[in-house]
Structures are given as structure tokens and as C-alpha cells.
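Both complexes shown next keep subunit A, but they swap its partner, so subunit B is in the first and subunit C is in the second.
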Partner chain A sequence: MQKVIGETKKAFLTGNEAIAWGCLAAEADMMFGYPITPQNEIMHYWTRLAPKYGKEFLQTEDEISAGFTVCGAIQSGIKAFTATAGPGNVLMQEPFGMAEGMRLPFFAIIQQRGGPSSGTVIYSQQEVSLTCYGGNGEGHRIVYSTATHQELYDYTIKGFNTAWKYRFPTYLLGDGYQAKMREPLEMYEPSERGIDIIKPYPLLGLEGHIGTDREPQHLRNIYSMEEELYDVVLKNDADYNSVRQEITEYSEFNCENAEVIIISHGVVSRAAEDAVKVLRAQGIKAGSFRPITLRPFPREQLLAVLEKSNAKKLLITESALGQLERIVKYEIYGQTLPIETLFMPGVGIIDYDIIQKIKSII
Partner chain B sequence: MALIKIALAGEGGQGVQSVAEIIAEAAYNEKKQTIYIPNFGLEQRGGVSIAFIQVSDTRIGAPKFNKADAVLALSERAIARTAAYSDENTLFVYDSSFKINPDELPKKVKHIIGLPAIDTANNELHPRVFNIIIMGAVIGLTNVVKFETAKEALEHKLGYKFESNPELRTLNFKALEIGKELAVKSLREGVFNHA
Partner chain C sequence: MTEQPIPRLVEAYVGEYASGKSEIAINRALELTRQGRQVTLVDLDTVEPFYTLRSLKEKLESFGINMICLSAKDAFGLGETGAMLNPKARWALRHEGDIILDIGYGVYGARTLNLVEGANESDELKVMLVINYSRPMTNSRERIKEYINSFDRIDFIVANTHLGDQTTAEIIIEGNQEILAVANELSLPVAYMAADINFAAELQKHQFLVPVKFINRYMPEAIWS
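Showing the complex of A and B:
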């Protein structure tokens, strides 16, 4: 395998560039895509890099087609992926649902923009519900919400591996700010960090005679009997729950003895951590909890943090009108801590906003 | 070095984003933590373009900010658009050739500075290096990067053009220096245009 990065090196890139390099480092074979801001440059950089490394690209007629061509390519054993945003994410829910139903190792990058509809081309965290629970299924998906360019690179590599290991559709959930801003990061060969890249494998057209050499490979997205579908959904759910703990990731900051805990995800968690530093310096005991996987959600970990802290209040803050809040409330059902909110749909949140809010509620 | 926040705003084509990118690149080359984010809304299709730059020795949080240490409004429309990013700690810079009503300038800022960047570019250098004068002014006002690092980043970005036309290099470096001097002079002499 041709080395893509070579020696580990520092770089100062946009997030979309970091992701394109991450896809190469993850040994992705082919991107299918349809242009939409703020994801476009992933396609641009991929098409620029692809010929140098023997990779492929196809621009399809729309996002529905981009998603389904990924579904097809994956079944033939190609490590394919796509990237989209906003209304494109809406259109892609149909192929995402197929990937969920057929347990395809589908990896997609979502760069959230403002909504509903075309909304803005800029930024939001309004694609949380759609990415975690979109489609006509049960949300058997894995969603990484990143906060830094380092994470965009790291979780692109990890995301492919997660998809091919567990065979649940896996998403890197970024946003327009992360897509477009420049920030330093370190790029490395996965092998240098002890990361084994999972090789793709065909799901169809396998060697050997069915019945004598191997079991039939029965990939279906439709069933004629209610009971058949019921069994499949329950099996998928059991599989999902059996690997939930090993996939779940989170981070916490100054939660011990915290009296108020801020819950946020993605790029907003950077502001939350800065707010905690300022508040602590002023004698206000604040802490920050950040789910890195929104699906599966770090439920037990959050409950443990609440337990060990001295929390009297929670503040949930996001660049959406309660999409993270709904998940948190569901996941920690039974807790009686008062929950305050700072919702700024489609708008960036900075430490100042959070500091002012905390001071108004304590 | 404490966190420095800069907002540059102008019309599409003025080179606001290019300058911001070169400054950010220079700061990165000085091994500082740096975030540069363009606004990239529908402004690209005929509106005010804003670049947000942050430079610090320590990890930077949110990619945008509400108040800048320096705001540079490079067109008349950009003044109103960027007033919101100013407070009593902000150096608010605009071009002294703008025909504006004093009421249009933000009131509660540290200093309002009118720089003759457009006239200097047109009369002494070349209209094309207006944005490089502004880049020099940013350095003169904030010391966000060293002058030499800025020159190197400029060379890195435009070197391929300089190769075929070495006079461009001289012109750009001169513009950078003049921009810096204009800014340093206005700070030193306290010649603030309070309009």
C-alpha cells in the first residue's frame, strides 16, 4: 500500500482538506458525491488527490443517487464513501436507511448547515436528529460529533474502521465552521499509531458453491412477512446494544465537584470548555460534558459524571432548538436535576454566551 | 501572547480573505495557535465579505468571536456590517477616503483610525496592493505576527507570481512596509480621526 502521509507532519488546513486526507489515510477507494456547501471542498480535494493515489470519484445526478451508488459499491467490496449537508442529508436518508437495513459498512461525512430547507450555507447543529434518527428505521447508526481539525482527521480514519467492523452506517458529523476554518493538526499514517485499517471485503459474488462451500449471503432490504422484518430489526437492535459500550466515546472537563454542568457537542464544546475555565477563575464551579458519539449516546458515562459531581443544574447548549436536549432528556430519564437551555439555532455559540447564561441561572 | 482577535471586512474582490489567510499562515509558521474562518454566506454573490482571525499561544476555543481587538472596514458598507464586532477595547480602522457621515462610525471603541490606504495604493504604489497595505496595517496595529514572518508568508503565497515578475515582489513588500508604518504612525502620534 502506497504511503499517503509518510512521516507524521503538522499541517494548517481547512477541515474539508483534513477530511479528504483522512479518507486517503483510511485507504478509501472511491467517493460518490453531489455538490453542496459547506461540504464541496471534500469533493474538490478528493478529486485533486484521487488520481495521484489510484482512487476514483463519480459525481452523480443527485444525493439519492450518490447514496445508493455507495450502497452498491460497498457490496462489491469497494471502500466507498460520500459527503453531504443540509437538504442533501435529507435526500440521502433513503440510501442511509438501506445501509441501516442491510447492515452495509457505509461511511458518510455530514457538514451541517442552517435549516430548515436550504436555510443557510454557513453553519448549524440542526442535523443531529436527522443524522442520528433519520429514515424509516430505528437509528441503528454510529454518529461521531467532532470539535477540532485533529478530530476530523482522527475520526475519519476511525469512522471507516467502525463502519467496516460493526457494519452499521457511520457518520462524521461536522459543521460549516469546521469545514471552512483553518486550524493546525497533525497528520499521520494510521500504522504509526498502531491503527490497523480494516480492509474492505465483498458482500456479494463470493467464492464457492452455495450450500456446499458456504452459506448464502442474503442481503435484503424488503421482506414479505411482518415476522421476518420483526426478527431482523430485533437482531439488529441486539447487535447494536451488544457493541454500544465499546463504541461510545465522550469527554469531560472539570466535572468533579462542579455545581453546574454544561452539556454540548461538536464545535460548541470548545466554547463550553473555555467558559468553564473563565467561570472557575471567577469561583463558579462549572464543568463540561461532551458526548463524542451522539449515537450511541454515553448514557452511563453521563450518569456517572452527574453522580460524582455536585451538580445542582444542567445547562444544555447547542446551535439548534433542542435536538441535543431531546436526546439527553431521553437518555437520562429519571434524573430530577433542573435543566436550563441555551439554544442558538443556526448561529455560533461562544464562551461569552455561555458565561452570561450560567451567571443568569445560578 | 494573549489571544488576538481580528476582523477584516470588505467587498468581494478586495482580497480580504487572501490577506487573512496569509496572516493566519504566518502565525501558524510562528508556531502559534491560529484559527482563520471566512464568512461564506451569500455575500460571495455581492455583499460584504468578512474574515475572522484568532491567534494565541494557547488552544483557541470557538471559531468566531463577538468583539475584536482590531476591526478593519475596507469599504463604506463594511463599516455598518462590522460595527457589531467593536467595543471599548477595539481599534476600528477604516479608509480615510470614504465619504461617510460621522454618525455611521461606531461610538464606543478604543480608537477610530482613518488610514489613507486607498490613496496610498493608487498614488504611490498600485491599486492592486491595497490589500497588502491593509495587511501591513494589521501587523502595525496588533503585532499579531512578526514583519519578517509576514513577508515569508507573502512570498510563499505569491512566490509563483514573483518569479515571472520580480517587480511585483518589491511592490508587495513595499506595500506591506508602508501599511505597517501608516498604522504605527497613527498609533504613536495619536492622530485618530474621530470624525
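Showing the complex of A and C:
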């Protein structure tokens, strides 16, 4: 295997490039894609890098096709992936649903842009509901929401492994700002960090005679009878719940003795942590809680933080009109502390915005 | 007709994402403006027209630069029009005085120069390639060579090695040395090397074979940059 990164060193990159390099480091074989801002440079860079490392790329006629070609390639044992945004994410929900139904190790990068419809090309956190709970229902997914370029690289590598290990479609949820920002990060060979890259394996056309040598592979996205589907959905749910805790990730910052806890995700959590530093310096006891996996959501971890902090208020802030808020409210059902919100749909949130909001609510 | 007492400068800055094209172009425009020259700064990024100099337009105008660039107001209502050429940018070379062009990234970005009337015929136009050694595609001599050779035309190199907020004098010096070595090998002139003004004291202790320009960073003010 040709080393793609070589010696670990710091590099100055846009987020989309960090992802393309992450895909190479994760030993991905092939990207299928259709252009859409703000994920385009993932494709651009992959197509620049691909010929040098013996990788493949196919631009399909649309996002529906890009998603289904990934589904097909994966079944033949190719580590395939795609990347999209906004209206492309909407179109890909049909193949994503197939990946849920057939338990395909599908890895996709979503760079959120404004909505509804084509919205803006620029930035938002408005694809949370769609990315976490899209498809036609009852599917199980894993969604990592990143905040830094280092995480874009790290979670691209991790995302492929998660998909191929657990066989649930896995998403890296970024946004247009993360896509275009320039920031230093450390690129490394996964083996140097003790990360074993899971090799792809074919799901179809396996060795041996069915019935004597092995069980048949039932990769199905349609069932004749409701009882059949019922069993499959319950089994998938049980599988998901059995690994939920080991997949769940979160981070907390200064939550000890915090009287107000800011809940945010992705790039906005950087502003939240900056706000906490300023507020603490001014004697205001603020803390920050950030789900890294939006699905599965770190429910028990958030409840534990609320318990130990003695928080009197929550502030949920996001560049959307309450998509994270709906998840949080559902997950902590039964808690009675007041929840305040700072929603700036499709617009960046900086520490100043959060500081002003906190001061107005305490 | 106004007479130009000295020949005007027409410089087009090309390079990778995050090479520092826009920052170098802004600083060059400001440098010339401070010398009392009439300067037009043209945002010719047709690849991603909404992520470029837009948020800095008013500020740069207040410094006396004539900006050809979409403002938030100009872009309002356009939606996602893909590759879009600001009509004013097409005729940029007809403006009097110095012209600094900030070009979209990469080889295809450089080809958008074809869209500027008179660019191909101009003997004033110089194509300046900005190289940052901290970029993976230009982080070895072989890769820099391969990268330079992918362009149709380069007149000068600008060595601009940096690592954003994590830049050190060592990173600047070591990276730029490599860039200078390749330029020398390819017989390409290096116009200058650029470095964040915060490193002026440290870098002035060293001797360099090319002029050093110290720059202020404006791009971090754009929220997404």
C-alpha cells in the first residue's frame, strides 16, 4: 500500500481539501458525485489526487444516481463514497434509504448550505433534520458534526471505519464555512496513530455454495409481507441500540458549576467555547456542551452534565431555525429547566452574539 | 486623455486555494495606493464569487482602492448562477492606473484571464503565481515543479509560505527556500517573498536573495476565511 501522507506534518488547507485527503488516508477507492456548492472542491481535489494514487471517480448524471452507484459499488466490495449538499442531499435520501434498508457501509459527506430549496450556496446548519432523520423512515444512521479542519480529516477517516464496522450509513456533517475556511491541520498516516483501516469486503458474489458452505446474503430493500419487514426493522433497531454507546461522542467545556449551559454543534460550538471563555473571565458561570454525534445523540452524557453542573438555564444556539433544538428537547424530555434559544438560520454565529444573548437571559 | 508619468503596473495573482492570492493582492493594492498611485483591485474569482473579497469591499474602498467586486448588495437576488463574470471585471484593463487582479484558484482559475478584454494582447500584464509551501500540492520541490508546469503561463513567482495562525519564522524561511530553489532551476524570476508583518523583526535578521514584503492580514475578517 502506497503511503499517501508520508511524514506527519502541518498543512494549510481548505476544509474540502482536508476531506479529500482524509478519504485518501482512509483508503477509499472511488468517489461518485455530482457537483454542488459548497462541496465541489472535495470532488476537484479527489479528481486531482485520484490518478496519482490509482483511485477512481465518476461524475453521474445527478445525485440520485451518485447515491445509487455508491450503493452498487459498495456491494461489490469497493470502498466508495460521495459528497453533496442542500438540494443534492434531498435527492440522495432515496439511495441513503436503500443503504439503511440493506445495511450498506455507505459514507457520505454533507456540506450544509442554506435552505429551503436551493437557498444559498454559502452556509447553514439547516440540514441537521434531513441528514439525521431523512429517508422514508425507520432507518438508522450515524452523523458526525465536525467543528475544525482537524476534525474534518479525523472524522473522514473514522467515518469510513464506522460505516464498514457497524454497517450503518455514516455521515460527516460539515457546512459551507468549514468547506471554504483555511486553517492549519496535521495530516497523518492512520497507522501512525494506531488506527487500523477496515478493508472493504464484498457483500455479494461470495465464495462457497449457499446452503452447504454458507448462509445466503439477504440484501433487500423490499419485503413482501409486513411481518417480514417488522422483524427487520426491529433487528436493525436492536443492533443500533447495542452499539449506540460506543459510537456516541460529545465534548463539554467548563460545565462544572456552570449556571447556564450553551448547547451547539459543529462550527458554532467554536463560538460557544470562545463565548464561555469571555463570560467566565467576567465572572459569569457559563459552560458549553457539544454533541459530536448528532445521531446517536449523547443523551445520557448531557443528562449527566446537567446533573453535575446544577445549571439553571440552557441556551441552544444554531445557524438554523430549531433543528438541533428539536433533537435536544426530545432527548432530554422530562427536564424542567428553562430553555432559551438563539437561532440564526443560514447565518454565522460568533462569540459576541452568544455573549450578548447570555447576558440578556441571566 | 490623462497621461501616465510612469508605466502602470498590471499584475494578476494566481495560485492554489489558501496560497494567499487574495491577501497578497490586497496588500499589493494597498502598497501601491500608499505610494499615491491610482489602483484598481479586481476580484476575478468566477469559481466561487460569493466567498471572495465581497465582505472586505467597503473597507478596502475606504483605503482609496477602486474595487471591482460584487458587494453583498450587488449579489442580492442573483442566486447560484455558477460561473459568473462581473461585467465591470471584463473591462478592468480599460481603467486608468495600476490594475491588480485576484484570480480564482488553480489552472482553470488562471484561464479566466481570457475573459478580461485585452488580457492576451497586453504587454503590461504580468501573471504572478503565489506559492505556499505548507500546501500539500506544493510541499516538495517535485510537486512545486509539477504544479508550475500545469499553468499555461507564469511570469513571476511570489513565495508566500505560511501556516495561518500557526506560522513561525522557521516555517516561512524553510518553505520559501525550497520555492526559490525550484524557481532558480526553472529560470523563473521571483518577484518577492511575502511574510506576515508580525515576523518582520525576526526575518530582518536574515539575508534573502529576493525582496521581502511584509503584509497585513485582512482575509481573517471575512467570517468564513
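Here is the rule we use: the second predicted complex is superposed on the first by the 361 of 362 C-alpha atoms of A that agree within 3 Å, B and C clash if a C-alpha of one lies under 4 Å from a C-alpha of the other, contacts with A are read in each partner's own complex, and residues count from 1 in each chain.
Here is the rule we go by: a contact is a pair of C-beta atoms (placed from the backbone, for glycine too) under 8 Å apart; a residue touches a chain by one contact, two chains touch by 3 or more.
This structure is a prediction, so every number in the text was calculated from the model and none was measured.
Peer 1: Report clash or fit for the pair subunit B and subunit C bound to subunit A in the combined superposed model.
Peer 2: clash
Peer 1: Applying the document's definition of touch, where does A:V121 land relative to subunit B and subunit C: first, second, both, or neither?
Peer 2: A:V121: touches subunit B and subunit C.
Peer 1: Looking at the overlay, does A:Y177 come into contact with subunit B only (first), subunit C only (second), both, or neither?
Peer 2: both
Peer 1: Thinking of the overlay built on chain A, is A:L13 touched by subunit B (first), by subunit C (second), by both, or by neither?
Peer 2: second
Peer 1: Between subunit B and subunit C, whom does A:D274 touch in the aligned arrangement: first, second, both, or neither?
Peer 2: First partner only.
Peer 1: When the two structures are overlaid on chain A, which partner does A:E41 contact: first (subunit B), second (subunit C), both, or neither?
Peer 2: After superposition on chain A, A:E41 lies in contact with subunit C alone.
Peer 1: Is A:M187 in contact with subunit B, with subunit C, with both, or with neither (first, second, both, neither)?
Peer 2: In the superposition, A:M187 touches subunit C alone.
Peer 1: Identify the partner contact of A:I350: answer first if only subunit B is touched, second if only subunit C is, both if each is, neither if none is.
Peer 2: It touches subunit B and subunit C both.
Peer 1: So in the superposed three-chain picture, is A:W21 touching just subunit B, just subunit C, both, or none of them (first/second/both/neither)?
Peer 2: It touches subunit C, and subunit B stays clear.
Peer 1: Which subunit A residues contact subunit B in one complex and subunit C in the other?
Peer 2: Shared contact residues on subunit A: 12, 37, 120-122, 176-177, 180-184, 348, 350.
Peer 1: List the residues on subunit C that touch subunit A in their complex, please.
Peer 2: 17-18, 48, 50-51, 79-80, 106, 132, 134-137, 139, 162-166, 223-225
Peer 1: What residues of subunit B sit close enough to touch subunit A in their complex?
Peer 2: 21, 24-25, 28, 33-42, 60-66
Peer 1: Which stretch or stretches of subunit A touch subunit B in the complex?
Peer 2: Touching subunit B from subunit A are residues 12, 37-38, 120-122, 176-178, 180-184, 267-268, 270-271, 273-274, 348-352.
Peer 1: Considering only the defined contacts, which subunit A positions touch subunit C in the complex?
Peer 2: 9-14, 17, 21, 37, 41, 44, 48, 118, 120-123, 176-177, 180-184, 187, 348, 350
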